[in-house]
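Chain naming follows the written order as A, B, C, D, E and F, and within any one chain the residues start at number 1.
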Amino acid sequence: MFHHSSKLQYQVRVDKPSPAFAKYLQQAIGGVEGEIRVAMQYFFQAMGARGDSKYRDMLMMTATEELSHIEFLGHAVALNLEGAPVEVQDEAAKDPIVHAILGGMNPRHILSSGLSAMPVNSNGVPFDMSHVYATGNLGADMLANATAEAGGRVLASRLYNMTDDAGMKDMLSFLIARDTMHQQQWLAVIEELGGMQAQLPIPNSTPQEHEATEHSYYFLNTSLDEPTPQGRWTSGPSLDGRGTFSARDKPEPLGQKPDLGKAKPKSGTQTEQQ
Amino acid sequence: MFHHSSKLQYQVRVDKPSPAFAKYLQQAIGGVEGEIRVAMQYFFQAMGARGDSKYRDMLMMTATEELSHIEFLGHAVALNLEGAPVEVQDEAAKDPIVHAILGGMNPRHILSSGLSAMPVNSNGVPFDMSHVYATGNLGADMLANATAEAGGRVLASRLYNMTDDAGMKDMLSFLIARDTMHQQQWLAVIEELGGMQAQLPIPNSTPQEHEATEHSYYFLNTSLDEPTPQGRWTSGPSLDGRGTFSARDKPEPLGQKPDLGKAKPKSGTQTEQQ
Amino acid sequence: MFHHSSKLQYQVRVDKPSPAFAKYLQQAIGGVEGEIRVAMQYFFQAMGARGDSKYRDMLMMTATEELSHIEFLGHAVALNLEGAPVEVQDEAAKDPIVHAILGGMNPRHILSSGLSAMPVNSNGVPFDMSHVYATGNLGADMLANATAEAGGRVLASRLYNMTDDAGMKDMLSFLIARDTMHQQQWLAVIEELGGMQAQLPIPNSTPQEHEATEHSYYFLNTSLDEPTPQGRWTSGPSLDGRGTFSARDKPEPLGQKPDLGKAKPKSGTQTEQQ
Amino acid sequence: MFHHSSKLQYQVRVDKPSPAFAKYLQQAIGGVEGEIRVAMQYFFQAMGARGDSKYRDMLMMTATEELSHIEFLGHAVALNLEGAPVEVQDEAAKDPIVHAILGGMNPRHILSSGLSAMPVNSNGVPFDMSHVYATGNLGADMLANATAEAGGRVLASRLYNMTDDAGMKDMLSFLIARDTMHQQQWLAVIEELGGMQAQLPIPNSTPQEHEATEHSYYFLNTSLDEPTPQGRWTSGPSLDGRGTFSARDKPEPLGQKPDLGKAKPKSGTQTEQQ
Amino acid sequence: MFHHSSKLQYQVRVDKPSPAFAKYLQQAIGGVEGEIRVAMQYFFQAMGARGDSKYRDMLMMTATEELSHIEFLGHAVALNLEGAPVEVQDEAAKDPIVHAILGGMNPRHILSSGLSAMPVNSNGVPFDMSHVYATGNLGADMLANATAEAGGRVLASRLYNMTDDAGMKDMLSFLIARDTMHQQQWLAVIEELGGMQAQLPIPNSTPQEHEATEHSYYFLNTSLDEPTPQGRWTSGPSLDGRGTFSARDKPEPLGQKPDLGKAKPKSGTQTEQQ
Amino acid sequence: MFHHSSKLQYQVRVDKPSPAFAKYLQQAIGGVEGEIRVAMQYFFQAMGARGDSKYRDMLMMTATEELSHIEFLGHAVALNLEGAPVEVQDEAAKDPIVHAILGGMNPRHILSSGLSAMPVNSNGVPFDMSHVYATGNLGADMLANATAEAGGRVLASRLYNMTDDAGMKDMLSFLIARDTMHQQQWLAVIEELGGMQAQLPIPNSTPQEHEATEHSYYFLNTSLDEPTPQGRWTSGPSLDGRGTFSARDKPEPLGQKPDLGKAKPKSGTQTEQQ
């Protein structure tokens, strides 16, 4: 069960309200790299967690933290919108600065939300929940979470560079820090469970006989003119310790030429296909 | 530039066509765990790759391989649909087996595609390209790719268990094998670049002074009644070697109580809010 | 800031796990009538609330409650999925009961989530955040919230009728009750602010001179052959007390015949249009 | 059956074509507050209306009116786009005014529609029909319709403030007026059926024994540090006349700690979870 | 401006209500091959039509007809749902026929719409307006319309085969007929304007010097092992009469190897990329 | 099976990087008129092609070509983004040119992709695969493909006019040329199969007795005040040679007034409807 306290998890200060930066910040709320995504992803993973309950607890605790991140970012968007116009007047229409502000805004911040945050990204595209990755497989989910936090910290770092507002920089430095922790926290679960060697390939419970292992450890060079890029993935033991990496160049197809033959009568095709 | 050869990358054989399994297989084509996603993800990452060009080459080569996976899976769906009805007749309507087949199918396999694969998942929801994760950051992208392949192998393993068709099991054992390789291939890039210690936190180019490092290494226990789950993430050196993990219990908010005050005149609010 | 306690807001008990009912229950999680929607809707309205802060507090408190509803519904879905197969075997394929169970399930409950809840509706369509209605106008938002709760209680009542599991009926009776309260709670805000007479038309702050009031109070009968349906809306004082209802039959257009003339050169049209 | 006459329902005049305002107006066509939504919502509600046929007739008549609103708004968009460039030339590229016009436009108004209206909102996001709310329950549908019209009038009022074109202001004043009527028309149905007391809780046909009525009339204060906001919803008779409002502070969970135990073999999880 | 008359454009009769066929029929309402699509496509094309106004008139007239098609199909869905259960009882849960009916239905026909049509396809995916193709180019739009009607008649023919209800077959035979007309009606516009020779390539107003005409008339065989499929497109005059068809086998790339070099500092990439 | 060679199909040169034009070019990658769409459409049509295999081969060959178009367009976007800022500084914030550049960009080109192409359109809306039209009917698919290429060439022509960069104009002139070929290539299939007379109505395999042919050849004038627009579609032989065109003015409905009667008990409606 959830509870709330009235103060924000972190202080939000906007020195120079910027409607354009409000649009940018939306990426951190409703973007695929944003906080709704991680909050919901950890929440749904927690609800489906089977096995050692401490991972479920971790997931729910951090889901709860991410809800608090949505909250202070939403406040930051609203404060940045304090400088937005809600009216256009004859003289203003000729002012290039007004034009620039309007052109750089999300118009729905005026028209739809009344100068408040929305669950959309910086293009105004609503977040869609298909981005909540929760497979029920702990290894896959931990990687998905580290990925989400890596994307999140990349975004926060870019936002940091795209503002010169000291308050916003301060808030983003907090987000950057928490994303640092969260990246490592999920990868630490993998380390605790024996590291990549023990956890790969995911799922590590797939029986050996379900896998055509002769195809499991070669890099396939599908280029007609490029040599195979050599690296850790082309020789040496595989990361799961179960095989040895190699490479295959200009591979031949292993399958047949597909042919579906004629179409069935009554299948809604042209007569010529039947 | 792309080229094509007429045979499939891998042999596809369906012994007992099953329209229901055709619906299931769609998840591996148009699901978020599917092949359109990885093909397009690696393709877009390759197009945006900056830095050492060998990673770009790897990405494009594997993107090309994934296009071939779509192709043989698409053929497998069409072969499974060979057993689907295209007509309903009086007597059939009373047959529970016909009912079961129809109820277990994707109706659009009859109505829309004419017994062929579609770029949709097993619920018939079209794939949407927002799932193509490509940040321009090599570390974030490698994690995203390992995640995608982990999800892919989880899916292929589940599909393997949900069919008793020997041909389908054979094809899926190939997919399981290639996903094994692809998971490790992307993580091997991270290993080659110094492993998690060197690559974390992502982006590792964010200047230290952009981060509120006092918040970078503690696990936040937001639960009111659960003790902190202890593990690799609560003590010891952080995975990036830059800090020491700890935990904070029942944290106090660090921010203010948000208050936006009154609404502006002409902002389209109720009079009582202004 | 959000917090969590480890127990569910309400007891969840499933006597006869039903994968089909798990699919149905998804509507209450990820449907437009579901709990993600209201949780996020109240949360975003709270973050944008301007004017008397008590409405903001109400919104945040109930948003928090709705998050707890997602949580126990998610658990109910997982418990209902305990009866789902994860493997198909030769003999089973001939069993009509297995067919019926599989045909009635969401296949992604097996393939994607590993027998857990997902943020999708009963058709497997992911929830999309464009359904979070938050205008910044208190009156519009209160109506939107009452609407959401009306839809929610209609759904919960239908789900109640579609199960014969005593545990599920008990859980749904709690949801039905909370939806009763929430419908009224939001309408009570309108009553407290003077009722519909004071709050309509929304926004009540639009200046009279922005409105072509000669068109504000007649019902338009656009039918060629039906008489105007008489009722509260065709005569008597308007609900906002500012006008008198009437009706107009077979109305004449008030505007011009539209004509855009020729297309511009270089506009990408056919020559014949230019 | 539908018919059409060649003139617009209302006169459209654009004195100063503004491609930026064309983008804004799109919100009134393809936004969730727009005319496609209400036209389709009333149309689908009408097609599913059961009970007294006069409500069906009302719905179909107003659906028809809303189609006419789409039509004149579409014309307004096209007229505003008459001022848009279809060509960029060397010198123009240096002109900040051209830059401002282009930056403030929806690029698809040039690239995709050829200077015409599109069924998208002001961010260019296409309207999606999941926003057509039609439950088959008359009370829920009337609230949904009043909500849609409230959102519509909020939007029209904001658009009115964001233009200084006399023709556009005139057209919007007509929309504001019709939205006034439509808000009240749907609420008048509720009044005619006995008002909120008789219609709440929606559905009013849910048997009392399906509801855990001990949870039906209290406001739940889920905050850890805020007092309950007092108001019409915390004391006095409930709006449905069936109970008495109260409030509960810092509530204890009523349910269990969820625990799904171990994962099944063959469920595609990590070995450690099984 | 639109008007309505109370009778349906065509008679709807359902002899044996079938909730499964109701689901199938949804494809003709809310599918990409369905009536919402063509109604809205012709409507938006009409609103943007420039040039000879008779094409605008045609478009609006047929848009209006398609609205009437939605209406009778919506009624057909509702009548087919008359046989759907709204309650599950202990004994029924064991009945394979009830299972089959429920498994073959769209659950939202019970849960969300209350036994009525919805603006979704046969998978329950809501129609999204990005499928309204309206380019402002008459030739492109006429082809798009013929395509939509071809898809529509393919669908109607398949639906005809998938029912044994005489009333439904009668209704579908009407739809098949109207789709016959509509396919030809749009292509007749092209014929009237000089046929493909005059109208191709679309847009026929693109100046010759904007086109690299040396690449305009060869078929590109990108296969490594298949001979060029010979046909009308590999030799003889082009359909636009401006060139001669030929073919190119195993083409060499004409461009460079792409290389973006190093990433910029502060671009949020890994240090190794900079 | 697919293969790749390292050079681009066509040379890409950007003389004056323009982040705004990068946004515009996205329409040609991820728009409904773009290259992902045609690549995937031809690919899925090929995978479902039944009948003469040469059409399957054509489809796969051109699908492969379109993948190469995505690739060079993606490179063009990245090169145009070379001029984009990744940092905002105090002084810059006051510069109207910086404002104009930022306002005219897709912010996700900075925040999400790190100055690279994305699979989205010029509004930043991700491509969704429902636009892959593949019916299994050769005639319908050929029309769909000609439509897609018509839209594509309209777009490329408009993009050509919206840039003054010689390199971009050169690349677009290649795209314009290939679209010329592809439009005709698909229509040539229809010509080879006997032309429209033989191929219409699509599907041409629908038995005559499934069609209410008395409704197959009249144009329906649904306008109350406009005369029927006369043309090739109102008289003379139909394009399929099976009938004679005519027109019907102010048509009477052929169906009943719909009436669904009362709602069922337990259907979740209001009591007044039952």
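One rule holds in what follows: contacts are C-beta pairs under 8 Å (C-beta built on N, C-alpha and C of every residue); 3 or more make two chains touch, one makes a residue touch a chain.
Given the structure is predicted, the values throughout are model-derived calculations rather than measurements.
Taken together, subunit B and subunit E share the touching chains A, C, D, F.
The pairing of subunit B with subunit D is characterised as same-residue: of all residue numbers used at this interface, over half are used by both copies.
When the CA atoms of subunit A are superposed on those of subunit B, the rotation angle is 180 degrees to the nearest 5. Subunit C and subunit D have Cα centroids separated by 10 Å.
For the pair subunit D and subunit E, the distance between C-alpha centroids works out to 26 Å. Within subunit D, the positions touching two or more other chains are listed as 1-9, 32-33, 47-48, 50, 57, 60-61, 64-65, 68, 71, 75, 78, 86-87, 96, 100, 103-104, 112, 114-116, 120, 123-126, 128, 130, 135-137, 139, 154-155, 157-158, 161, 202-203, 206, 222-224, 226, 253, 255, 258, 260, 263, 266-269. Subunit E makes touch with subunit A in their complex at residues 154-155, 157-158, 161, 266-268. Contact residues on subunit E toward subunit F in their complex (touch as defined above): 3, 5-12, 32-33, 54-55, 57-58, 60-62, 64-65, 68, 71-72, 75, 78-79, 86-87, 114-116, 125, 128, 130-131, 133, 135, 137, 139-140, 143-144, 146-147, 150-151, 153-154, 157, 160, 169-170, 172-174, 176-181, 183-185, 187-189, 191-192, 196, 200-203, 206, 210-224, 226, 229-233, 238-240, 245, 251, 253-258, 260, 263-264, 266-269.
If you check the complex, the residues on subunit E that touch subunit D are 1-9, 30, 36, 40, 43-44, 47-48, 50, 57, 60-61, 63-65, 67-68, 70-71, 74-75, 78, 112-120, 126-130, 132, 134-137. Subunit E contributes residues 1-7, 47-53, 86-90, 93, 96, 99-100, 102-104, 106-108, 110-112, 114, 120, 123-126, 135-139, 193, 199, 202-206 to its touches with subunit C in the complex. Across the interface of their complex, subunit B is touched by residues 20, 23-24, 27, 31-33, 96-97, 100, 103-104, 121-125, 154-155, 158-159, 161-164, 222-226, 253, 255, 258-263, 265, 267-274 of subunit E.
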